[in-house]
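Input: a single structure, listed below in structure tokens.
Per-chain numbering from 1; labels A, B, C, D and E assigned in written order.
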């Protein structure tokens, strides 16, 4: 043999970029959170911590294969720290290992990526489901024990959907009478709307007393269909989209789950900058978690919150997620005044 | 022929990729004149017709219409001038029925909507004059026999009000009776003062109805003759480019064998 | 070799080989049997398929034929059905438009953002959304007809670019709610005459009456012109069948909430577009271009304009369809129009009998096809099995629905001419 | 003719939708015999040819090959028996070049791969015997003139080793020279002991090469004549079904005018 | 009217209207110029487009032409590129196969579940996965060719059913990981000769040598048979261009990790399928069926078998492509093969120059087209702009890449015959 490939590689920019942080988010169609909150918050915090650092962002659009390409592209660009919200957390073991071999550090974000990640920041997705279930029980109040519930779950192709479902079931078990109808809304509002329409057909208008919707987008369609059929039962979602807050203000939707994106994003940015500058991370990620492949990963775990009409002011508005004006458009002005939002 | 020609081609050339299909071709057609355009297979007759009809714009040369130079870039241009063309490949829409094809682009209407009844009636009349029998004028073109399709294409050219009618081998697929009808038709067109360009490989038909014969050979003019006073043989040797050819050889051999 | 020869009288006016149908009802039946054998049944197999699907799901769940469910189906077909109408136009040209889902999405996004966030008058918002859709279609048409880029690629580029635009328009906030009790909300929720049962009956009977009058008028004109015309018995039979369907539909709808606005609009558009395609020069031109571009061009048809206008129509229909989907789901979001929306609409057009290869089809096929598809989807939802199993069954039923049609068309396969 | 016919049709009928294209048709072809099949446009000639070639299976009746009854349901069946057909609509693949079309389904090979060089050489030879000039044998069929296409279709029938050759209006688009070559070809085929079915509207050609003339009229047999001893007029009146027809009328009128 | 007539000598053997190219290099240049004008440039516009894309992204980011990035691109094109090769076969028939993404997904799911969860030997798992893919293709082919259901509908049903099957096979656990250092892992990660730079050079030079030998041999045979042959100068030029590309590619790859296995396999399959299509009877039959089904049928071609086999090939390629995608992402998940995978592959085939209407194309277009698409995707990933803007840019660049080709083809538009 006359030599190994890459032997004569010059020390180009590609072999070390100390000013860039990679950010990989999983999708952008089924939820508005990623590009509305996660990305801008992280960018802002990185800027604040390190003035001449920049964030190189890509979105995988729901494809593990695309995300792997974006991951490798960042490495080819010389990025040394990557914040990774894995589309499919179970498939990342080999990616992270390869990256580690090249001296690239990975912060697992939101979903716990497998492989030797340097740190993890997240909400507990099972916990999200539990909160959803509990909030639904609360919304039902005294009627809970006799209530039949319809569940419109997320897409079976999304691993998170299974956590939400099992968490919610855990919370509903024993507190409500029965889950009488269960279907996948595929994270698509139109599909969810039609599922609820057929649920009404097969159960009858009085056949159920509450609807669990795995997220807000689907809840919008479900509520539309219920209204058209003249049914008024509690419906809840997750993501705290502005449209969902509006529906909560108007009394159409019972609750949503607010994952406090800002603290989440801030912690991730801090971890990434510290890793980049070879500073300590234990101060930020004081807990530890185990993934299927690795043990004792430094972690920071945040709790999601339930948002109802009662605490809109104290959560999403207080956190600066929305201004009251965003929520109180002409169509909702009256309801806003009634709810006391400002 | 007196007066300016209705149509005149001056030095027309046309190339397809690496093939020079027409080189410096001249042609004149007067009102009330039947010009037969003859030539061997691949001589460029259909290509010439298509340049006049606007299917292929010419590369070089010019086209004059009633003495004025015109540009014919699209079929609409030719139709606007008053050129009606029956193509060798017929160019009918297989999915439309006979009536639909006959009136395509010139539909009869009533209150803005298609007047199917009037069109169907007129279609039957047109086809009757060409003595063709078609099972139904509501049958799609794809279901017709070769000759039936050809007659539909010819009838199409009569639906407007053209000044020049171009017929590219109109009787190729026709039976004896239908051929006779088409020759009659050509004569009627001449009597109405129209110019006619008739392409045919059948010398008997050419001699029967044409006034002038223009010969193309390998994409170039190879003579133009008044029909009266020119023999079969003269025309054929202009077409084949030789007095000794397969036709004469065949005739000689048959004469030989008959002995 | 024998020499025998028959000399006949001059040719009769009617071709003796054309099998003329017997007069009266018996003839009608005979003709039907023959058509059945040779596979010229038109929409009959699809309708049979639809009946079969309904019967199966009714048997499995007992809920399929319930008036509320059927009303739901009529509500849900409007959006994808309108997109399918647009698809029919494009398929008639022998082309495809992959951008229609995205256009539906952009249109909904524009209408939603303007009306709900910027406080623009709702009618004006709708108008702007539709105009934007038509403009996108014009752009596709331009690149296809004038520059010569294959329609597949142009509209694939559109699919991507417009879905980017959709996200851009919706912006950070992501989703725009439909205004409460506004025009867009009514698209899905309003019942004509506020559910008055008389309105439904008037619509149904007027429709049947108009059909009958049209048929009789046509017969009179044809007989007057000496052309063969439909026998009265056949007209009676056809009117009878249509009347039956109309009465059944009307009474079912009245058992639920009355006559849904989306159904009226969708049917109205199908009737109008059907008229345009079959009874105007423009429609004839579309068929001609789809049947043979070169023949159409030589006939002096402005092929480029026909193509551009068809892409404008398809995009306009998609934009309108997007508004119906938006009304149905109560919001315009980033996912509206993505996923299976486009495929379902194309499948609807094809199942209904429109050819993918141009020159054959009608907008009624959009109605029939989308009914088949929505019935499968809704039926499976009633059965509510696992999502993965549902996918498999949907695939199988879709195939089965078309197999019936294909088998009946088999014998009819054309085999060239000459 | 002596011996059993190579091909015999017995009481063949064929229907398309509402059109009864053939009714109870009989036809016999012997080895070394040229049968001309004539008839008006839409008489059913091409349909008959297609039933023999396996394009449309027959509805009723039977087909006998060398005395045995056979079923011809697909073109492969007919080719397997030894039927080579030149269709009126040519049936060439527009996207393939001349060589590709000539050898389609019967490609020459070398070590399992196509032997393009051998095919190209053979193609040139074949076309030369039919005296057609084609700019290049590597040009796609779509770029050829009508006559050039027709010659390619005829040449196709000669690749292979048929027992019966069917030619459906083979000279319709051909020039005088090429027509003569095709007639020569038909005679050569007869000499090699093949049966030939020749469809033509040109009575002169029919009389020149055919042994027998079979007439179809409106989808039925309307007589079968030995060529020797039958006049033009007799055949034409069998075709048109009347002694008084457009052809005779036209001739009469021209004679009248000539006076 | 004048009477002038030329009598010529008997017909010369070569048609005088065919413009014969001048001998030597000058003639080659002249021909090139003429082709440039009349738009017969073949792949040249696409290659130019590719160069343009590379130049733009290199200018924007400075990283595009970096050896690691180019190596990455060669790794990533294998999966969708193989699917695109299958698409080319289907497009040659003038048909479409919508199921290929799902088939890639099922194949990966089967291989993953068998090898990682059930402990089946990895080679056997791969074999079973591929066989399953081919079987699904055979099923599609059967319904299309034998029952007569339009391919669009059959494969749409397949798209749904097989993606249901994929989810079903993966079950509740959802994702199956690729075995560490196994065969499937190697599909993406192995570098031939473990990154020995000599191996890359040997491959590159052997390829160029074989090309040159083939050209010279062909020339000899043609000259011997008295047929026109390519001049030596032209052969030299072509070999030179190909040699240049090969050398550039080899040295770039060696700057990174050497010769990637996926590139070798993908190129190998393109070469083999190209041979099958252009140099075997079977390939000729595919073109014939795609160019005119009736003419093909009358030529005695077994049309049904050609159709079925083509759907088997496309499904087999998709199954193989699925394994490459699986290797690349490190797992088989429920979303593998969904989303844009199919559209990208179809677009690749079309951009590369394969016609959507049948009878025109080659498998090299899959390679060229997927290079264009992957370059756009990777380039935009390097630029890191907003998602919605990325969509719009992708659409625009896709369109631009094809506009170049369409404009150059414009003058060449055929206009019927006769």
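Keep this in mind: a contact is a pair of C-beta atoms (placed from the backbone, for glycine too) under 8 Å apart; a residue touches a chain by one contact, two chains touch by 3 or more.
Protein identities per chain, from UniProt: B, D = D-xylose transport system ATP-binding protein; C, E = Xylose transport system permease protein XylH.
Fair warning: this is a prediction, and the values are worked out from it, not measured in the lab.
**Q** Which chains, if any, touch subunit A and subunit E both?
**A** Joint contacts, listed by label: C.
**Q** Report back the single chain whose CA centre is most distant from the CA centre of subunit D.
**A** The chain lying farthest from subunit D is A.
**Q** Distance between subunit D and subunit E based on Cα centroids, please, to the nearest Å.
**A** That gives a centre separation of 42 Å.
**Q** As a quick test, compute the distance in whole Å between the mean CA positions of subunit A and subunit D.
**A** Comparing mean C-alpha positions, subunit D is 74 Å from subunit A.
**Q** Approximately how many whole Å separate the CA-defined centres of subunit A and subunit B?
**A** Here the centre of subunit B sits 73 Å away from the centre of subunit A.
**Q** Taking each residue of subunit A in turn, which ones touch at least two of the other chains?
**A** Where subunit A meets two or more other chains at a single residue, that happens at 28, 35, 156.
**Q** Could you check subunit E for residues that touch two or more other chains and list them?
**A** 11, 15, 17-18, 167, 294, 297, 387, 415-418
**Q** Could you check subunit D for residues that touch two or more other chains and list them?
**A** 17-19, 46, 55, 87-89, 91, 131, 133-136, 143-146
**Q** Which positions of subunit E touch subunit D when the two form their complex?
**A** 11, 15, 17-18, 218, 221-222, 225-227, 275, 279-281, 284-285, 287-288, 290-292, 294-302, 358-360, 414, 416-418
**Q** Under the definition above, what is the set of subunit C residues touching subunit A in their complex?
**A** Answer in residue numbers: 61, 63, 66, 68-69, 72, 76, 79, 116-117, 119, 167, 172-180, 188-189, 325, 328-331, 333-336, 338-339, 341, 377-378, 381-382, 384, 386-388.
**Q** Using the touch definition up top, name the residues of subunit B that touch subunit C in the complex.
**A** Where subunit B meets subunit C, its residues are 53, 55, 74-76, 79, 85, 87, 91-96, 100, 104-105, 107, 109, 112-114, 117-118, 120-121, 124, 131, 133-136, 141-146, 149.
**Q** So in the complex, the part of subunit E that touches subunit C is made up of which residues?
**A** Subunit E reaches subunit C through residues 98, 143, 147-150, 152-154, 156-168, 294, 297, 343, 346-347, 350-351, 356, 387-396, 398-399, 402-403, 406-407, 409-410, 413, 415-416.
**Q** With touch defined as at the start, can you tell me which subunit A residues reach subunit C in the complex?
**A** 28-30, 32, 35-36, 40, 155-156, 181-184, 186-195, 197-202, 216-217, 220-221, 223-225, 227-229, 241-243, 246-247, 250, 326, 329-331
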